[in-house]
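One chain, chain A, appears in both complexes that follow, with chain B as partner in the first and chain C in the second.
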Partner chain A sequence: MNRSVYPFYFGLAALIVYSIFFVLPGVMGIFYSFTNWNSYSDEIRFIGFDNLAKIFSGEGRYLGFIYNTLVFTVSTVILKTALGLFFAMLLNDGIRAKGFHRVMLFMPSIVPMLVVGLIFKSILNPATGLLNESLRMIGLEVLTQKWLTDLGWAFKSIIAVDVWKGVGYIMIILLAGLQSIDKTYYEAAEIDGSNFWQKLIHITLPLIVPALVVTTVLNLLHGLKVFEAVYVLTNGGPGYATDVMYTAIFKEFSTGNYGMGTALSSVLFVVMTVIGYFVVRLMSREGDER
Partner chain B sequence: MKQRRTGTYEQGDDSYMKKWKTSLLSASVALTVVLAGCGGNNGSAEPSGGGEQGSGKKNITLTYMASQGWIKDSEMELAKKFEAETGIKIDYQIVPADQYFNVLKTKLNAGEGPDIFGGQSGYSEITMNYNVEKNAVDLSDQEWVKREDPLSIEQLTVDGKVYALTIWDTYSSFVVAYNKKLFGELGIEVPKTYEELKQAAETIKAAGVTPIYEPIADGWHHVMWFSEPGPNYDKLEPNLYADLNENKKKFADSQAMLDSLTQLKEMYDLGFFGDNSLSDTGSDTAAKLGSGEFAMSLSAQSLAVELADDYGFELDDIGFFPIPLTDNQIYYIHPGGPSKFIYSGSKYIDEAKQYFNFLTKQENLQFMLDNDPTISNLNFPGLENKYTAEQQKLFENYSERGTDLQNFVTYVNPQWMDIGKDIVAMLAADMKPLDVLKSIDQRREEMAKVAQDPNWK
Partner chain C sequence: MMNKTLLPALRNVFAWLLSAIMFIPLLLVVVNSFKTKAEANGMNMSLPSDFQWSNYSIVIAEGKLIRSFFNSLLYAGGATVGSILLAALAAYVFSRNRTKLNQLFYFYLIMGIAMPTNFVTLMKVMQWTQLVNTQLGIIVMLAASAIPFSVFLIYGFVGSVPRELDEAGIVDGCSPVRLFVSVVIPLLTPVLVTVAILNFMGAWSDFIHPLYFLNNSDKWPMTLAVYNFFGRFQVNWNLVTADIVLTTLPVIVIYLLGQRFIISGMTAGSVKG
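What follows is the complex of A and B.
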């Protein structure tokens, strides 16, 4: 503070705007999560922890939504990181038309999720979709599935579509990490006779940890906040099998249960803050070591 | 002719998808509420009254706000005549359907309602969503109340007071439309019971045609299989409707409803809807029936016109019958529909009443009926209708009438899409039929509590 060039009130305007439009609504949201605020009556009644109790008591399907969100988050983090790293290593060197391939892999990331969702909804249509039609054409009819309406497949399909869309972005970040690694390490390792896996585990991975931390944070937050992918592809169906936190929040708001909606978002807010805190600490520790 | 189709679907939409449409904006509801003070002014900055009371004809403008599709072109033409006669101008403010309820509720809550506003019908709708006892003018003493279909009037009545005028084609419900030629070739009679429907479907399936096109992906359509035979549940279990509204009975207590859901599930399991119904959408209905791939579909009666226009069918190639689940033979109607309310805070209540009187003159009602392709009849007696021969037959063959579930039983319409999800879960074997009913009860209870319904105390 003593070393700062400008007095603190220079930031006041920004601080006020930020407080009014970000902090205040956030705090109000948490307050409303303790009320029965709804669209059917003018009166807002304080009901304490009733909403939260309902979420965690297992009545309704809220625990299922939380479980789905976690499954989604964990699987997309793992899949995107693994595939992203795989593609990044492929495209780091030793392949023709690197630039072209990089662009192709990155392309899905710039298309809005709604568009991707609509495209995949038609691709995954069991009767007329491209995927099942192709499988039938090459004689693999046994592999055809009702991708988005079968209880066993719907959620997997959503995860697959999200990974398809997100992997390019993760790949670009990891690629940048890979390119910052000095080639001499690999040359030295080769002279010592180490194989591909040894190089990967002892050189590549340790040196791209900062990039991996970034991608993990991004993936975690993206996973916890997932909405569009589920909303467009299945809208939570069949039944409630693929509902996640945000689709549940959206539904609560649309039925007019604003109190319950804010309670759910508050739960998510707390979870994300806790995760965010630890991840930021982890990152800053990484930074200090350097 | 295309217009007719659109219009009729809109009616369906309005009845069932109300909540859905409202929901589209609800993600931003928190913001809307925060900004309600300023938001209330949007679109109606101009004062509702046009100014000085001139001599002779009045120089007054009434604002009339409604959702898209609710005000027919023919009504607007009538409004011009009305203006020529009285000097009272009607200023229509048409709001896109997905935003309408948010805008209307915001305006009503802010005390800045338009002189006339459009709204849906049904007791829980008008009391919970518009709070008509506070926001609307009591119209019970108006002359047209005696002529309008009493079933429609009942939908807009609270504590014996009538709060709105409904001018709508309330008689054309969704029924099962079937391919008459195919039925004839296979020697199938029109099914009168669930067993007969099952037999018919099996015969059709054996002939290589999928029996029923059911667009479950739309989320709302398949709920009608459960709700439309409602009057039959009420017949099988006398006083069921009233008991549900008074909370003396729960959905889960009704054997008829349980049977109905069980039968729906059986139809699904037997493959009557084909194996793609969870991905099928309503916009393909005409194409699927037109191609001969499917034999029946639960649809608006205008489907026949559509098939005649685009798929080389004759108008009488398509016949109709009501959903025979639980052996229902009652022709169910939605007696409500988009209705016209006068805002209690309006400065021009008498002029608005005058407008209603003008619209409900017999010749003006007939004018609307004659000049609008989406209307084949109106809910007033003594009008000359435009029904096709098959529709006439339907009305004659099923003379017993009743109100469908969602238009009579409270807290059903607002949870329409949720019921849809429950039923899909049931079809996918993730929920039992009884659990669907319990789930409906639970949501009704929640709604009743927030509405402080005395029957749920």
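What follows is the complex of A and C.
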């Protein structure tokens, strides 16, 4: 009966479109990683592990791109989670105009990353940007920096912009987690004379672990796939100091080194598909409890 | 005692400060979009001496924005309708008929939430399917990449719709297609609206697909047009900001109207467990 009422062909179109335009390029990429595919010749030659060796031997800049991607991911995961939790606790209760503040904090999350990049390109301009101007105005000239062109600051600035944009989203998820905690736990703890930190460590954190897992996964996936933030703010500069996987892939693609581009992409694909396996387990577990 | 009055006040001040940090960069853009070129040069928060509405008409004419606006609308609209239709059909049968095979297909679909796109080889696929540098191509790619998360959200919701309603439809002699269209779709409306808003906003903000796959400026969406405009008019921040406002306004409007749906979708499945 199930088979006739819920026919399999209903799911077929989604499976086909998704397979051809999403999964197939990823799987093909693994094959093309072992070739010298490029825009200068029509012939694609099998070159074995040359591309991968180049990436992991450290002779090119490729390890730097992987390193940057990891630094970006780890930093944004930590910063967004810590700040998001702090903001969520701040806006959970005992404050006026809660709804308004939530709308404001969430607003940057829906603005296209490209637009955010352009806005901050202006704000972080060393000569005329709002940040340095404000610092000068309040007499903190010493703190002004060449935010996007200084070797020591460029990548930190990109991370800060991404945190600015994404922290509201994480806050909203954690806020939902906080609101699901039964108030009586806190009342009981207060009767026992617990202080703020004891309540945070023994009640709040353990009870929002599921929400923290989700935000971490979201931040992790977002961080590994970062592209626009870097592309618009620095385009990988100064030099190649801020290049990440996706900007490096785009550069290889633009210069016609398709084999190398696809090899880099495949490294990301394999890593993220493994992460995906755990994501699926996590998400299907939650689906079943509904 | 001191703590009892000072702490809440401090918290309120801090909350306002935080909101300001989030909002000022956005306000900065709006303010500067009404200035003259000289005034906007500094990109500061001073108010324009006189509102230059002409910035907007210049940008619309110079940046081919009418065309880009309709391109964006076509891509975001097409991808939204396509992804929802395909995802709803798949999520519905996979959730209702949980055979081993269907479960496997469901897992396979939601794996895509984590998978990155390989744009280099996607180019090859686009060439094979004759979709490279076409508008349909962009729609198909955006729809395909939105399918995993859409399926995940709709699948979760289908589980909460009672099966008895399907059975009533069957008793009345509905075909599977009829059952889906007249009974199931109306019941799924809340989640479909959420998914529609999320997918539309995602597709509207998309920059990377057209960057890789569209070389003809007549087909550019707003994001690529604004980026290109920035490259050409970098010194005219009054025009660049006006362009940014026009690109961002649609998503802000949708956000303010559909806030409830957006937040329910974005937090779905994150608190239970």
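Operating definition for what follows: the second predicted complex is superposed on the first by the 261 of 290 C-alpha atoms of A that agree within 3 Å, B and C clash if a C-alpha of one lies under 4 Å from a C-alpha of the other, contacts with A are read in each partner's own complex, and residues count from 1 in each chain.
Throughout what follows, contacts are C-beta pairs under 8 Å (C-beta built on N, C-alpha and C of every residue); 3 or more make two chains touch, one makes a residue touch a chain.
Computed from a predicted structure; not experimentally measured.
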Contacts of A:176 with chain B and chain C, given as first, second, both or neither: second
Contacts of A:92 with chain B and chain C, given as first, second, both or neither: neither
First, second, both or neither for A:4, with chain B first and chain C second: second
Partner chain in contact with A:151 - chain B first, chain C second, else both or neither: first
Touched partner set for A:258, first chain B, second chain C, both or neither: both
Touching partner for A:107 - first (chain B), second (chain C), both, neither: second
Of chain B and chain C, the chain that contacts the larger number of chain A residues: C
Partner chain in contact with A:75 - chain B first, chain C second, else both or neither: neither
Partner chain in contact with A:194 - chain B first, chain C second, else both or neither: neither
First, second, both or neither for A:17, with chain B first and chain C second: second
Touching both chain B and chain C, residues of chain A: 25, 29, 125, 250, 253, 258, 262
Sites on chain C touched by chain A in the complex: 8, 11-12, 14-16, 18-19, 21-26, 28-29, 41-45, 82, 86-87, 89-90, 92-94, 96-97, 99, 102, 105-125, 129, 140-141, 143-145, 147-148, 151-152, 155-156, 159-160, 166, 170, 176, 179-180, 201, 204-205, 207-208, 211-212, 223, 226-227, 230, 237, 240, 244, 247-248, 251-252, 255, 259, 262-263, 266-267, 269-273
Touch list for chain B against partner chain A, complex: 19-20, 22-24, 26-27, 29-30, 33-34, 105, 109, 128-129, 219, 275-276, 278-279, 414-415, 418, 421-422, 424-431, 446-447, 450-452
Residue ranges of chain A in contact with chain B within the complex: 25, 29, 36, 38-42, 125-127, 146, 148-149, 151, 235-241, 250-251, 253-258, 262
Chain C contact footprint on chain A (complex, rising order): 2-8, 10-11, 13-15, 17-18, 20-26, 28-29, 32, 87, 90-91, 94-97, 100-101, 103-108, 110-116, 118-120, 122-123, 125, 128-130, 133, 164, 168-169, 172-173, 176-177, 180, 210-211, 213-215, 221, 224-225, 227-228, 232, 246, 249-250, 252-253, 258, 261-262, 265-266, 268-269, 272-273, 275-277, 279-280, 282-287, 289-290
